[in-house]
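Below is one structure. I have some questions about it.
Chains here go by letter, A, B, C and D, matching the order in which they are written, and residues are numbered from 1 within each.
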């Protein structure tokens, strides 16, 4: 950690600050005095040094943390890539995780039909929303507990593990019982109380990147879950908010090499929510696999025009089937399989 | 609501789509056929027409919602500005709401000292975090229930109503009992399950704008609370996330005239979190009042260098006192008082 | 084009505005009157209707342009993809355009060495900066005219066409004489006077997307060049500015399907400038080709540690050679070749 | 300047890198070796150390520049605020610079009428576009040289100095002759060749912040002009590009205290372009003055509904007059006058 002093700091003030930091945090200080700037390098265990507290000092211009603040999610301390076990499947290994299904569970017929068809095309996991985060209180909010039952029905028939979103701590026990992978949506990525609860359970978590979360903040949210004891975290990029309005969000595929360098956790890509347009999903799914993603989460609906949410970003089963054929070819080039 | 068709839509497809929309949503359609584009104007009650569902149709290029999606928060249906009652005070009326106090409650001495001093300077409300949302799981998370007790102690002595952040539905009953204004932080602005619970209680809510929430999304989150029956919502701008890194966030003061036009709800400004720098607070507090804000929420700490969080953005009591003198003058110019 | 009136507009005002618009712009108006909103649909040739002028009217709430404002760049009026001829090569056809070379031309030895090596690996074009846009006036500004001479030398030896950046109208004649593709940098994407000059020449232009340009603005800058008579425009995505600081910019690959739908112009991707990190280039180059890009522009330097600019984002020749082997495999899957 | 090494750097590599940097840049290195990270502090004259070149080294994780890269614009080396002389007026002193006028010069009657009326209301400078940067090549591009003549006519009658935008180096001589303050628009903030030319003349420059320029980049563009010898730079904030679409741009008023700390140059605010809505101008003008701005640039048109550009953001003369009355009161509170 590096502390930069204001240019007008006197020698006495400098010594006072240096001693104060050394005493308070039990670190050693290396001093570099340049022409205009004086820099203090803090050496030792700086993990509990509070940068914001230091910056409150009027003589401190800025504090720069050069070490990554995440530990358990850091590849530095865990060089091998993590593979997360989900029933008899894994996410993060050679086999790509293809998670497909409708935005919302709407009826038994719908979810079972879609589940069968995506399974036939080669998907390994079934997604489907029972609890739906909607911008408007007047929009369809999901079938809730009934939706979970329908997902279980579809799983019974196809064997596909269930990935679905949890929106409240209140439902955690039900989800631990019924669901294979608990999805945390973009709007809850920094719902810290929920993250703490997820740290206490033994269940894979698909953590979606916050709409305006930096890579570091994203990994810190994974760290919250891992710090509690649950290391089964799967990261998911779903587009970030930028000035561009043509797409719903801007898919940030550079996060794939970034995460592979910084962390050992697997990362999957959601091109459906990122773009909000079904006709962009094919192109970006191929890109994601080529870039080294560990999987995809794709919206598929048997009748998008009648979908109760997000129909405009859903593929039809035939479109998904065509896509999977292409994806298998690209997977092979990057030494993965589907 | 306006539906724009793809240029290659045939006459038969057009008629099919128009009839489908009319039947499904019981609206009337006005057709405008230009050289390259065909536009359907939907007239009638379009509040339950789902734009995303329509966009799933391959022949529909885009759907534009020209009516604001918020109702209870909309000034159109409630022309007079709302004044929210908090004990014997109001927020939204002629008198500006000045909410001051430390980022975190740290000790009885600290919170009582700060409360007394900000009261003396003219603040009308006491802020102080008991439950703290921190990016790192290893950072100080607040004194929690003990913090609430200390806030009540400070209120007993000064009479200042308490404004403090709720982070989990779990603690709602305690907050309803102990707190005067429940603050919802930027990271929970779209924690919809929490918003629904807030709609069921009778207690003022200070709703902070999400870090990357549009004005419309912000008002839709207020709408969530109001739709449940609790119309006591106070909006709070605290800076949005942009590319600029010199300040922690970018304070968007244009939201003040925007909210005044779109909604009847009061809006207060938080210059401390927006900038993350104590020496910017004075300038932006004056700007906010001049622009027509209904109040300010300002961090004040008696010893920022030892603050357990956000010391770098806290004013000292003397600095706050100086600021209040300036603010009173500006308030007078814009026909408000403090 | 759609004009939405303020809710409080009287019938007389409505008629006045409608007649004013009809007279001024010779368009027909379709009126849709809803419960709260009145909408005017403008039918006919609306290309010269000025939305901003209409919005100056106090009774007009907003104006929505549903037709794309670009004509010559629009796929609607030019359904086949454009192939731009550059000497004996084309950009936009089945063969991918791989443009490689150093950020800056530094010496004859350097540019000739790099040119030979990228040619051997399969690149079809040589890039290299002679005039360099640098954030600091104190940084190396390029070898300028001498750099152009060295590029010509490298072309003489390898036969690779030259792609290099023009920074000022002043140098246009020299560039027309010496260069095969004139690159316009991100900071000049809306240097409209320069764009107008480019419209008057007969030379391919590689137009980089502005750091914060929307897809529509990007195409409007292409339209500026094309409106002048030069239709040889190659678009280039090089990352946009977002809140994320881990990468220099955020590469927006969703622009590939967007441009393919909206326009007939070819689009190439620059992963080097987008990320600012050489170790991300491989992953994102593969992604770009898989997503359907028409080519890549990649920085390659024989000695990045001594490069006079942007060394941190340059591949070494061996790294580039390895990458090309992978790219050829992916190109084949998407039915392109290199 | 601080160089952080990759965690796996060996002792030999560390010594090699340290010696290489010391030799290449004639700086001294202070070494801080922590548990996981090794940090090199570069002491001495680091102004010509190229961070990007260092980052090309595979063993260097990141390079952090702790000193501001701007010199002539830096308050550190010029503690007193600069006052820029414009004819018999100054910008940056106690008297606020109020620059008002239409977006475009349209006719003699229009510009003379507006000039007279804003002068009467107390404006000190006349703005008006002769050369107009328009997103569309098909939109009105300004009256050009004829527009300059009309501005001179208005100046002759009112005495108000002229502020107008230069779009091309080509017209520099004419502008030096005819214009009092040369405005450089947001899209040309990093048109470096133009900036260099501006450095060679002796004329005040109003430099608008680029739509997505950081504060540091903004000051570096001022530095380009100053490095050439022209120190008469007036900064202008006109809104930055963010995700918010309700306003045209997001006005960043926190730049006022930021510039006041970092630089000695004056800063004026343009609320008209920032918001794109005339009814927001009053609120944000007051805010800007309260925050400590050195002036305002405001669009005023005698007939906004017929304005050839940007009518929707223009005040009418009576609105401007009312605003000036309010601004005078606020100016007094912050110890400035108009």
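To be clear about the criterion, a contact is a pair of C-beta atoms (placed from the backbone, for glycine too) under 8 Å apart; a residue touches a chain by one contact, two chains touch by 3 or more.
Quantities reported herein were computed from a predicted structural model and do not represent experimental measurements.
K.L.:
Let me check something: if the centre of a chain is the mean of its CA atoms, which chain is farthest from subunit A?
P.N.:
D
K.L.:
Subunit A to subunit D: how many Å between their CA centres?
P.N.:
Result: the chain centres lie 38 Å from each other.
K.L.:
How many angstrom lie between the CA centroids of subunit A and subunit B, rounded to a whole number?
P.N.:
It comes to 26 Å between the two C-alpha centres.
K.L.:
I'd like the Å distance between the centres of subunit A and subunit C, where a centre is the mean of that chain's Cα atoms.
P.N.:
31
K.L.:
Show the residues in subunit D shared as contacts by 2 or more other chains, in ascending order.
P.N.:
As it turns out, subunit D has residues touching two or more other chains at 212, 241-243, 245.
K.L.:
May I ask you to sort the chain touch graph into line, ring, star, complete or other?
P.N.:
Contact map by chain: complete.
K.L.:
For subunit C, which residues count as touching subunit D in their complex?
P.N.:
47-48, 50, 52-57, 69, 133-140, 167-170, 187-188, 190-196, 211-212, 217, 220, 223-224, 227-228, 241, 278, 301, 304-314
K.L.:
Can you tell me which positions in subunit A touch subunit C when the two form their complex?
P.N.:
My answer: residues 212, 214-216, 240, 242-247, 250-254, 256-258, 261, 274-275, 279-280, 282-284, 286-292, 326, 329-330, 333-334.
K.L.:
Under the stated contact criterion, what part of subunit C meets subunit B in this complex?
P.N.:
Interface residues on subunit C, with respect to subunit B: 2, 4, 7, 30-37, 39, 41, 43-46, 62, 64, 66-67, 76, 212, 241-243, 245.
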